[in-house]
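Shared chain: subunit A. Partners: subunit B in the first complex, subunit C in the second.
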Partner chain A sequence: MVLFILRRLLSIAFTFFVVSVIVFLMMHAVPGGPFDGYDMPVSKAVRDTLMAKLGLDQPLWVQYVNYMKGVLVFDFGYPYQAPGETVISLLANAWPPSLLLGGLGVLIGAPLGILLGMAAALRRNTWIDYFASALATLGLTIPVFVISMLLILIFAVWLNWLPASGWGKPERWILPIIAYAAIPIATYARYTRSAMLDTLNRPFVTALRAKGLSERRIIFQHVLRNSAIPMVAVFLPMFIGTATGSIFVEAMFRIPGLGSYFVSSIENRDYPLEMALVLMVTLMFCFAYLISDICYAWLNPRIRFGEQPK
Partner chain B sequence: MNAMLKLVGAIALAAGLTAAPALAQTKLTVPGGSTTGTYMDYMKTVYARASGSELLQVPLTSFDNEYQLTPLAAESWTQSADGLTWTFKLRQGLVWSDGEPLTAEDYVFALQHAATSGYDFAWYWDFAGGIQNWKEVTEGKAGPETLGLKAVDDTTLEITSTGPKPYMPSVVSLWYPVPKHQFDKFGDDWSTNVANVVSSGPFTLKSWEKSNNTATLVKNETYTGPWQAQVDELTIDPTLGAPEVGMPAFLAGDAAFTYLNAGQIPVVKQRFPDAIRTNTVFATSYISFDLEAAPFNNADVRRAFYYAVNRDELTQTVLKDIAIPAHSILAPGYPGYSENVAKQAVFDPAKAKELMAKAGYPNGEGFPTIEIWFREEGGYNGAILPPMAQYLQAQFKDILGITMNIKVMPGKDWMEGMLARKNNIYIAPYEYDYLDPSNFYGIFYNGGRHSYHVPEFDKFVAEADSNPNWDERVTLYEQAEQVMIDQGMIVPLVHPIIMAAVSEDISGPGVTPNSQGFTPLDRIGNFLYSHISVK
Partner chain C sequence: MSTQTDTGLELAVPPPTPHRSPAWFAWRRFLANKAAVAGGVVMLVLILAAILAPLFTKTDPAAQAFLTQSLAFPSADFWFGVDDLGRDFFTRIVYGARVSLTIGFAAATFSALIGIPLGALAGYFGGRTDWVIMRIIELFSVVPAPLTALLLGALTGGGFVTIVVISALFGWVNVCLLVRAQVKALREKEFIRAAQALGASPGYVIRRHLIPNAVSPIIVGFVLAIPLAMMLEASLSFLGIGVPPPTPSWGQMINTGMNFMFFYWHMAVFPTAALAITVLATTLFGDGLRDALDPTLKGR
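Take a look at the complex of A and B:
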């Protein structure tokens, strides 16, 4: 196991390096720079001065090396679109709202989806199954900005129960959390139903029933555990994908989160921020998959990392 | 995605509207512009400025809702006999919100700092202000103290230009002071850290959410100048700028007004017409060319395009309610607008075909396939440009017999392409900076925005720009635009209009239509937010 983790850490380092090179090159290959795009052109002299000030007049490889030297000591530079603070402090300010709302969306949505999927699997081909399947399909197919709009219309405009949007007071969190939860609910409902049906049809379940174990014990102790592997595989990547913010949800609910920076950093050619965001997400996904793999072993002792099948 | 958002917005609106919404709060929350803002300093980064930065400081002059120039920090002004120097006299008793006196030195420092450390608006003070030595200073060839700016005493400010600028009082409507005493203490951090920001205008800064550029301002009790704040707290939230987001918030009473997209306009007009406000933004979308590259190095070809646009049909169909026809680079109502010029921009397919034939392309035969470039935009341009490009594509095919492809591109790529002349035809939008014809003609003058060099045009513009007599100036600008028409330098297409819905709970001249029927809910923020109150 230790060897496996070490190998994976090395592979993460390699992935991180490759992604950093590719993103750095692509970012600079896109036409235009941080001081283009205004209604009137910036004079060459002014642009040259500014580019020099930001080190953008250096050869690309020098810029890359300088940037990565900083990254090694957690210095991601200064964002062009938010001077006066570092990239790290910008992320520290913008991430909490995304983490809170997106994270809660997954943490609430995933158990609800599991319950829904379990109900659908255990009551297969009944109205419960049809309802759960329909809900899951809707959750996956309706774009999140439409869900957000509907939530605002129903709960803020028609019923006047909740604020339409904004940030600060906890009541403002409810609608975005529901919007964020839609996809986890739908995804988990489908995964759980499918995995449980698969497990329920296995011979060991019949054997357990023949041994006289209670249905509750069979479901919770054996079926659910054996069905959990695909759910574990989905959970962390989904958590990271959601907790780093959605530009749509954050725009619709006016949340001052991280989501918009993914777009604005590209639009504004904010190279330090763009790099930081990509590297951060890369690292998080790498570790998410590492942790998922470790959880596999815990859930299914038959899995032995690094061993060849006999 | 935009189209989808609009559709969803319109459907949601149609379903949701039952009555004109009432504000559930006494503090105002209004839509803003860009969701990214760098400095709370208008003079340093105009295009990337933080929300509300222009409301924190008091400019020398400003425009009211009738577009009349009004003295703000300046009490009066005079022009020297040679026309090169303007002297502005500041009001007595103006102070910063921390109690320090606001002096002419703060205005001088603002431009000195902008010339050496600012970037995106440096062109303005060269092109519009013509400030002596501006170019040399921005290029680092001279020190800021050599600029044609002088604080004669605490309340007397002198500005010297390279040529006579009869419209200088309009230009300085965008001249905001920078607190030198704060800059000396904190450097640029004076405008990035809320605790260091001091103001000279009707509002002070309470908070600034940088991730979406939302700023909350409160009434500045130390401001003694004209146009004082009528509300205690004003939140400018750029995320409300998109009608798809603004409208639900407006319906829920969270926003004092919202801009409307094309799908929302008919619904709001029908359900609560009294809430509707219309504004002309004094902007023009036009086609520009590479005048030196084939096939647009032939004036007949360019003029064929000029006559091949059915502006009335365009604005009555695909751009209904969001644009009006542009028959000149200047919009109706803009100073210097000329009917003599405008009446020439007619839809004349026969003449267009004749010109194409004369240029050697009868019915478009032999004409190369071209690609028109326009930039991705939000706001009113985002609604106008894509459908307009498709309309023009069809119309040019039908009338001129040519094939025109369309390329939409990020703003930075588009601007870089236009400056480097990487393509030969563009759709370009431009919105005024200051209310004078020189603003619009200047963008084609001596290179300008399009690398145009048309000596005859430049001659008329140069003469007009420096002539102190308004009537003579207008005549000269008319002659300049006649050159534009004769040479087919541009094809004016449309002037955008902005429609908004205003809550019944706010009132005042700021949200009341002016004598022309327009309600300027943007650009003249100094007037708007000092002339708006909660009922």
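Take a look at the complex of A and C:
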């Protein structure tokens, strides 16, 4: 177990390194620099001074090493678009809206999806099953910004029930949370349905029925527990994915979260901010996968770390 | 069929069953899946519409022929209305299908071209090769996709080719995993052993035996890569680094439509519906194809 975690940590460090190098190179390969903007043109002398001050005149590998040295002690530098702050403080303000809405979306969406999937599996080939499958397919195939737009159009423009966008009052959270919840609902409905159907067909369920256990106990105590493993495994990565991959929902609902920085850091060639965003999200995904692997094995003792069946 | 021979009541002779190929059974399974058939029909209609677009549209998609009626709502003359620049919106939606479908198919082709060889190599050789390829796949699963896509878009200036490249870059992973699983399952089979014993080189075994036997996962991977690419095109166009105007693309139209949404709903609704229907139809078709070709995967 410890060996497994150590090996995975090594692999994470390697992934982190590769991602950082590739993104750093790609970022600098994009033509133009942070002070080439048209809205605030600066003279060449000023630009040269700024570039020298920020170390952008040095060779690329020196810049990389300097930046990564900072990253190791959690110093992600200063964003060019807000020189008075650090990247950390800038992102500290952007995280809460993203985490709150994305997190609530997953926390509400996952149980709903599980219920839907359970209903579909237990009432197979009835209208509930078809409805759940249709909903799951729709949720996974309609792009999230399209869902957001339909929500705004229906509930804000036509019915005038809820505000279309903005941030602050809780009623402004409802539509974005629904938009965020679409993917978790769809994913969980699909996973739960197939996992439950798998389990229901296993011989031990027949054995339990033969023993005379009530259907309710069979479902809740045995089938559900045995089908829960894949559901637990996808939770954390989905949580991270929803909370960080929110460019579209945040753009649609004008939420001051992380999403806007994804776009603006690239548009403004804001190298420190760009690197910080990529590295943070990458690291979070790595650890999300690690933790869900550990949970997976903990829930399912048949999986043993490190021993690969030949 | 009743065959109660021991009671002597009747002796039902089973009719001679014609030899049925696996493809025939797959076809039957596919036809039984109504959603998949519907998806296939919609796809076919869309492809035909995209190819035959000039035959039933009024104007060129970029022609500002109706400037005096800009932003007109849908009517008998303009089925989907007129857009802000005086272009017939129905024409633009139909031509948008060309862009979306071309991108979808091109990206799926490139995904397959990258995914098949890598998947076959990983599955056949296992060990270190497999490890390296799986680490590459892992890289793609932890990197924030929208950010990478944005970065690549900025790097190359966006446009048609960029979108195909980005979609293929993220789309090959699925094809690769599907092919890898199939090849891994077949690697130990007798006919492969026999080929190896006869001195066939790994390249020959992969080309002649493994890839032909992995055709169904390849088809499935190909078809399911199409909607992903179309969604990515729409997303990138939405962020402004997609297909440049005046080429009609649904994502770009959705993006424009957003600005007019509160007053001219048709600008937003039609491209949205077009994209949703296309992606949905392709996905249903792909899912049905997967279930038909490999019944053991049903519902995954």
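Here is the rule we use: the second predicted complex is superposed on the first by the 299 of 310 C-alpha atoms of A that agree within 3 Å, B and C clash if a C-alpha of one lies under 4 Å from a C-alpha of the other, contacts with A are read in each partner's own complex, and residues count from 1 in each chain.
As a working rule, a contact is a pair of C-beta atoms (placed from the backbone, for glycine too) under 8 Å apart; a residue touches a chain by one contact, two chains touch by 3 or more.
As the structure is a computational prediction, the values presented were derived from the model and not from experiment.
Visitor: With both complexes superposed on chain A, which partner does A:93 reach: first (subunit B), second (subunit C), both or neither?
Guide: Touch partner of A:93: subunit B, not subunit C.
Visitor: Examine A:33 and indicate which partner it touches, taking first as subunit B and second as subunit C; both and neither are also allowed.
Guide: First partner only, subunit B.
Visitor: A:74 in the overlay: touching subunit B, subunit C, both, or neither? Say first, second, both or neither.
Guide: neither
Visitor: Could you let me know whether more residues of subunit A are touched by subunit B or by subunit C?
Guide: Looking at subunit A, the partner in contact with more of its residues is B.
Visitor: Considering only touches as defined above, state whether A:127 meets subunit B (first), subunit C (second), both or neither.
Guide: After superposing on A, A:127 lies clear of both subunit B and subunit C.
Visitor: Is A:157 touching the first partner subunit B, the second partner subunit C, both, or neither of them?
Guide: In the superposed model, A:157 contacts both subunit B and subunit C.
Visitor: Could you pull out which residues of subunit A sit against subunit B in one structure and against subunit C in the other?
Guide: 30, 143, 145-146, 149-150, 152-153, 157, 251-252, 267
Visitor: Name, in rising order, each residue of subunit A that touches subunit C in their complex.
Guide: Interface residues on subunit A, with respect to subunit C: 11, 14-15, 18-19, 23, 26-27, 29-30, 137-138, 140-143, 145-146, 149-150, 152-153, 157, 190, 193-194, 197, 244-245, 247-248, 251-252, 262-263, 266-267, 274, 277-278, 281-282, 285-286, 289.
Visitor: Could you pull out which subunit B residues touch subunit A in their complex?
Guide: Within the complex, subunit B touches subunit A at residues 4-5, 8-9, 12, 15-16, 35-39, 47-48, 119-120, 122-124, 126-127, 135, 138-140, 188-189, 191-193, 209-212, 214, 237, 239-240, 242, 244-245, 248-249, 251-252, 254, 375, 410-417, 419, 430-431, 443, 449.
Visitor: What residues of subunit A sit close enough to touch subunit B in their complex?
Guide: Checking each residue of subunit A against subunit B gives 30-33, 35-43, 45-47, 49-50, 80-85, 90, 93-94, 97, 143, 145-146, 149-150, 152-153, 156-158, 160, 163-167, 250-252, 254-258, 260-261, 264, 267-269.
Visitor: Would you mind writing out the residues of subunit C in touch with subunit A in their complex?
Guide: The touching residues are 135, 138-139, 141-148, 150-152, 154-155, 227, 231, 234-235, 238-239, 254, 258, 261-262, 265, 268-269, 272, 275-276, 279-280, 283-284, 287, 299-300.
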